[in-house]
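The structures come next, written out as C-alpha cells.
Across the two complexes that follow, chain A remains constant while its partner is chain B and subsequently chain C.
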Partner chain A sequence: MFYQTSIKTVCVAAVTFGLIAYAMLGGYFAREIVIEIALLAMLAIALDFLAGYGGMISLCHGAIYGVGAYIFGATTALSGTDPWLAALAAIAGTALFGWIVGAITANVGGIFFIMATLAFGQMAYVIVFESRALGGDDGLAGVGRFDLSAVGVNLNDSLQFALLCVAGMLLAYMVAATVLRSSFGRTLSGIHANEDRMQALGLSVRTHKANAFAISGAIAGAAGMLAAQHTQYISPEYLVWTLSGEALVVVILGGIGTLAGPVVGAALLVTLEHFIGGYTDRWHMFIGAILIVAVMAGRRGLFGEIEHRLSRRSETKTEAGIHA
Partner chain B sequence: MLEVRNLCKNFGGLAVAKNISLSLKKGERRVVLGPNGAGKTTLFNLLAGTLTPTSGSIILGGRNITRAPVEKRARLGLARSYQKNNLFEGLTVRENLGLAATTASGRTASLRCCAHDGAEMQDIIAEVAEQVGLSDSLDKPVSSCPYGNRRQLEVGLALAARPKLLLMDEPTSGVGPNMIDAFDKLIHALPRDLTMLIIEHDFDLGFNVADSITVLNYGEVVFEGSPEATRQSREVKEIYLGDWNHA
Partner chain C sequence: MSGTEFWATQFLNGLQLSMLLFLLSVGLTIIFGLMHFVNLAHGALYMLGAYIGVSIAMWTDNYWAAFFGAPIGVTIIGIALYTGVIKRMRKEGPMSQVLVTFGLIFVIVDLVRIVWGSIALGIPTPEILQGQVSIFGISYPAYRMFIIALGLAVMAGLSLMLARTSYGAMLRASVENGEMASAMGIDVEKLLFSVFCVGCALAGLAGVVAAPVFSATPAMATDILIPTLIVVVIGGLGSLTGAIVGSLIVGFIQTFGAVLLPSFSSILVYILLAGTLIIRPEGLVPARK
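Here is the complex of A and B:
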C-alpha cells in the first residue's frame, strides 16, 4: 500500500531542489547530468509503479520509452506535426502499447512474465531497426522541441530545458503517487498481495493489470518523448533492452515499492557513474559491487533503508513514550 | 438461491464429483459433511469457479453460472472463505478488510479518490471486525497476528464482501474450543437471509448451526436431511466409523 509519508516528501523535494540548484549553478555539462537523472527517474517511477506496487516486473519499459521517443520524434521530424500534438500522441501511443502488453501477459507469472515483456520490447526494437521510413539504424534527425516562448521560456536554452525535465520528473511522481493513493492504486496493491483472492472478491484482474500497465506505459512514454526533444535525434538505441535493465537497477538501488526510491536511485546511479567514471573506465564494476551490496543488505535499497530506519526509530520513540 | 444439478468433475479417469445435485433456499444454512477426500473442497471450487465442471449445471439466483468466471460469480454475490488462510500478507487487518469490502462493492476504478478510506467502507470494516472479533487488532499487520486471528480474518474477508451466498470451507480448522464457541455465536448472529454452505469437521458445531446437512463420500451425495435425521442415520455412521457388522 502506498502512503505519501513525510520522509518521501522530504527526499523527493531534496533531490528536486538539488537538481535545480546543480542545473542553475553548473554549466552545460551539469545540465546534461540533471536531464539524464530526471529522465531516468521518470522511467524508473513508471517501472516502480508497475513492479513495486503491482508485482509486474517488466523488461520492456526501455522499449516503451523508445516508442515514446519515436512517436514524438518521427511525427515532428517527418511531418512537422506540432510538438504538443506529437507529445499527446506519444503518451497515448505508449499507453496503448502498455495496455496491449499488460492484457496479453496478465495471466503469465514470475520469470515468464519477465521474458514475455522482454519479447514485446525486442519486437518493438526490431520493427524500428528494420523500418526504412523511420530511418532504420541511422535514426532520424530534426526532432522538434516544445515552443514555450508564449510564456517567456526558451527551451533551446540548456538550463531551461533541464528545468523542464525536472518538472517532468516531479509531475511523473505526483501522477504516480495520486494514482497509487486512489481506489485504483489500492486495488493494484491488493493484486500484488494476493491476486487469486482479489479475483474471488469480484475483480477482473486482467483488466486492472492492463490498465495499470497503460498508466505506467504513459509515464515511461512521456520520459521518452522528453528524451527525443533533448537529443533532437532518435535512433533504435532508445529501444535497446539494456535500458529496461538500467531502470530496474535504479528501482532496486533506490528501493522497490517506495516510489521515492527511483528518484533517489536515479540521482545516485548517474552521479556514481560520472564520479567513478572520472577516475576509471571500469566504473561498471563498482556500480555492480554497490548493487550487490544493496541487494544483500536488507533488500530495501537506499531510500527503503532510510525509510525503514526512520520509521523504526519513531516506533521505538512512541513505545518509550507509552512506557514512560 | 442455489441450484446444482448433476454436477460431475473428472480429472482424467478419476471422478472427483459424481452427479452432485443440491438445492439451497434463500437463507438456508447447509452444512457439508464427509471424510477427508470426499470431494467437499472440490465442490466449493466448482461452485466458486476455480474449477470448471465436466458436466452438469450451477444456477445462482436464477442465473446459469456453470461456465462463468470466478469474478463474475463473486459479483453476483458469491463469497468464500478458504480452508487454508488466503489473506493479503504484508498488510494490516484494516487494509485486508478494506480491500475485501471495496473490491466486492466494485469501486476499484477511481484514479483520484480512495473508496477504501471512505466512511462507507470504514463502517463495513468496523462492523465486520466486530462480528469476527478483530476490533482490537485492526491496525496490526496480518503477519504479526496469531493463527486464531488470521482464521477470524479469513472469514471476515468473505463477510466484508456482503455476500448473498457464503461458502465457508472449514472455518474453524485448527482453532481451539473458545473460538469454536465464538464462531457458533457469529453464525447465529448473521442475518437470516444470508444463504450459507459450510464445510465443517466439528460435528457439534455443524449440527448446531445447520438447517440441513449434506453428506458427501467419494464425490457423491450419500445423504441429505435434517441434523436430527443425520444424527440417526446408520449410513452416515458407517461412513465415519466403518461398517461394524463386518469388523
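Here is the complex of A and C:
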C-alpha cells in the first residue's frame, strides 16, 4: 500500500532540487546528465507503479518508451503535426498499447508474464525496425520540440529543456502517487496482495490490471516523447529490450514498491555510469555486477533500506515512549 | 533451381534452425521444469560455447577438439555459476531470478569482449564436412546436414534416456512431483545438478556447432535468447516433447515466413506466442497434466 510519507517527500524534493541546481550551475554536459536522470526516473516510476504496487513485472517498458518516442517523432517529423497534438497522441497511443498488453496478459502470472511482456516489447521493436516508412534501422531525424515561446520559454536552450524534463519527472511522480492513493490504487494493491480474494469480492481483475497497465504505459510513453524531443532523432534503439532491463535495475536499486526509490535509483545509476564510464568502457559489466549484488543482498534497495531503518527507529522510539 | 528443389532446400533450412533451437531450448526447459529456475544467461552459455570453440580450434587446428572441448568448458563455467549464484537464487521468486541472470548476461558479454574482442570470429568448417551432399536429388551443404543429423541424434538420445532408463524415470518423477520423488528416496538435488550440467553442455554444443555457420559475436547471447524463450513457452515449460514441438514450429515459421511473407515474417512468431499465452498458457505439450 502506498503512503506519501515525509521521507518520500524529502527524498524526491532533494533529488529534484539537486537536479535543478546541477542543471543551472553546470554546463551543457551537466544538463545532458540531468535530462538522462529525469527521463530514466520517469520510466522507472512507470515501472514501479506497475511492478511494485500491481505485482506486474513488465519487461516491455523499454518498448513502450520507444513507442512513445516514435509516435511523437514520426508525427512531427513526417507530417509536421503540432508538437502538442503529437504529445497527446503519444500518450494516448502508449496508454492503449499498455492497455492491450495488460488485458491479454491479465491471466498470466509469474515468469510467463515476464516472458509475455518481453515478447510484446520485441514485437514492437521488430515492427519499427522493419518499417521502411518509419526509417527502419536508420531511424528518423527532424523531430520537433514543444513551442513554449508564448510563455517566454525557449526549449532550444539546453537549460530550459533540462528543467522541462525535471518538471516531467515530478509530474510523473505526482500522477503515480495520486493514482496510488485513490481507491483505484488501493484496489490495485489489493490485487497484488490477493488476486483471488479481489475476484471473489466481485472485482473485474482483468479490467483493473489493464487500466493500471494503461496508466503506467502513458507515463512511460510521456518519458519517451520527451526523449524524442531531446535527441530530435529517433531510432529502434529506443525500443531495445535491454532498456526495459535497465529500468528494472533502477527500480530494484532504488527500492521496488516505494515510488520514491526509482527517482533515487535513476540518479544513482546515471551518476555511476558517468563516473565509471570515465575510467572504462566496460560499464555494462559493472551494472550487471551491481544488479547481481543488489538482488542477492536483499530486495529493499537503497531508498527502501533508508525508509526501513528510519521507520524502525521511530517505531522503537514510540515503543520506548509507551514503556516510559 | 526448380520449385521442388527450392522448397526442399527451405525445408532443410527450417529443420537446421529448429535443431539449433532445440539444442538450446531443451536445456532451458528442463532446468526450468525441474528447478523452477529461469536462466536468462542460457544464451550467454551458447555464446561462450562458440568462443571457447573458436579458441580451441585455433590452438589445436582441429575442429573436433573444439566440438568436444567447448561443451566441457561451458559445463565448467556453468558449474561455477551454479555454485556461486544460481543455487542461492533457487528459492527466490521469478523476478529475482530474471534480474540476477540478466545481470549475468551483462557481465559475461563484457568479459567475452575483454577476452576475445568485439569482432566476429569464425571456425573453419572441418574438411570432411566441406562441400555439398546430395539428398533426395537436391544438393545441400554437408555441414548444415551435419547440424540436422546431430540435432536428431540428441533428440533421439534424450527421448530414449527419458523413456527407457531409470535415470529418465527418476527425472520424469521429479518434474511431475519433486517432493514426492524426494520422499521415494530419489536424490533430487543431485539429479538437478546433473540436469543442469547436461543443459550447459548442450548450450555449449549448440554454440560450437553454430560457429562455422554464423561466426561468434557478443550479440549471440541476446539474439538467440528470445527465440529460445519463445520455443520454451510455446512448447510448455519442462517438457522434452514440448521443446521438440516448439523448436520445429519456431524454426519452420521463421524460415518459411521469410520466404512467403517477408514483410510480416519477424512478427509471426510473436503473434504465435501471444496466441499460445492466451489460449494455452501452459504451452502446447506441458510437462504436468
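One rule holds in what follows: the second predicted complex is superposed on the first by the 324 of 324 C-alpha atoms of A that agree within 3 Å, B and C clash if a C-alpha of one lies under 4 Å from a C-alpha of the other, contacts with A are read in each partner's own complex, and residues count from 1 in each chain.
Operating definition for what follows: contacts are C-beta pairs under 8 Å (C-beta built on N, C-alpha and C of every residue); 3 or more make two chains touch, one makes a residue touch a chain.
Just so it is clear, the model here is predicted, and its values are computed rather than measured.
S.K.: Now for A:Ser183: first (chain B), second (chain C), both, or neither, which partner does it touch?
M.R.: first
S.K.: Per the contact definition in the header, classify A:Arg282: touching chain B only (first), chain C only (second), both, or neither.
M.R.: After superposition on chain A, A:Arg282 lies in contact with chain C alone.
S.K.: Of the two partner chains, chain B (first) and chain C (second), which one does A:Glu130 touch, if any: first, second, both, or neither?
M.R.: Once the two structures are laid over each other on A, A:Glu130 reaches chain C alone.
S.K.: Can A:Arg309 be said to touch chain B (first), chain C (second), both, or neither?
M.R.: After superposing on A, A:Arg309 lies clear of both chain B and chain C.
S.K.: Is A:Ile57 in contact with chain B, with chain C, with both, or with neither (first, second, both, neither)?
M.R.: A:Ile57 contacts chain C only, not chain B.
S.K.: By residue count, is chain A touched more by chain B or by chain C?
M.R.: Partner with more touched residues of chain A: C.
S.K.: Check the residue A:Ala193 against both partner chains and state whether it touches chain B (first), chain C (second), both, or neither.
M.R.: A:Ala193: touches chain B, not chain C.
S.K.: Under the definition above, what is the set of chain B residues touching chain A in their complex?
M.R.: 48, 50, 70-71, 74-75, 79-80, 86-91, 95, 98-100, 102-104, 106-116, 157, 161
S.K.: For the complex, give me every residue of chain A touching chain B.
M.R.: 1, 178-179, 181-187, 189-190, 193-194, 196-205, 208, 211
S.K.: Using the touch definition from the top, list the residues of chain A that touch chain C in their complex.
M.R.: Of all residues in chain A, those touching chain C are 51, 57, 59, 104-105, 107-108, 110-112, 114-116, 118-120, 122-123, 126-127, 129-130, 241-242, 245, 248-249, 252, 282, 284-285, 287-292, 295-296, 299.
S.K.: Quick check: in the complex, which residue numbers of chain C touch chain A?
M.R.: Going through chain C, the ones touching chain A are 32, 38, 85, 88-89, 92-100, 102-107, 109-111, 113-114, 222, 226, 229-230, 233, 237, 263, 266-267, 270-271, 273-274, 277-278, 281.
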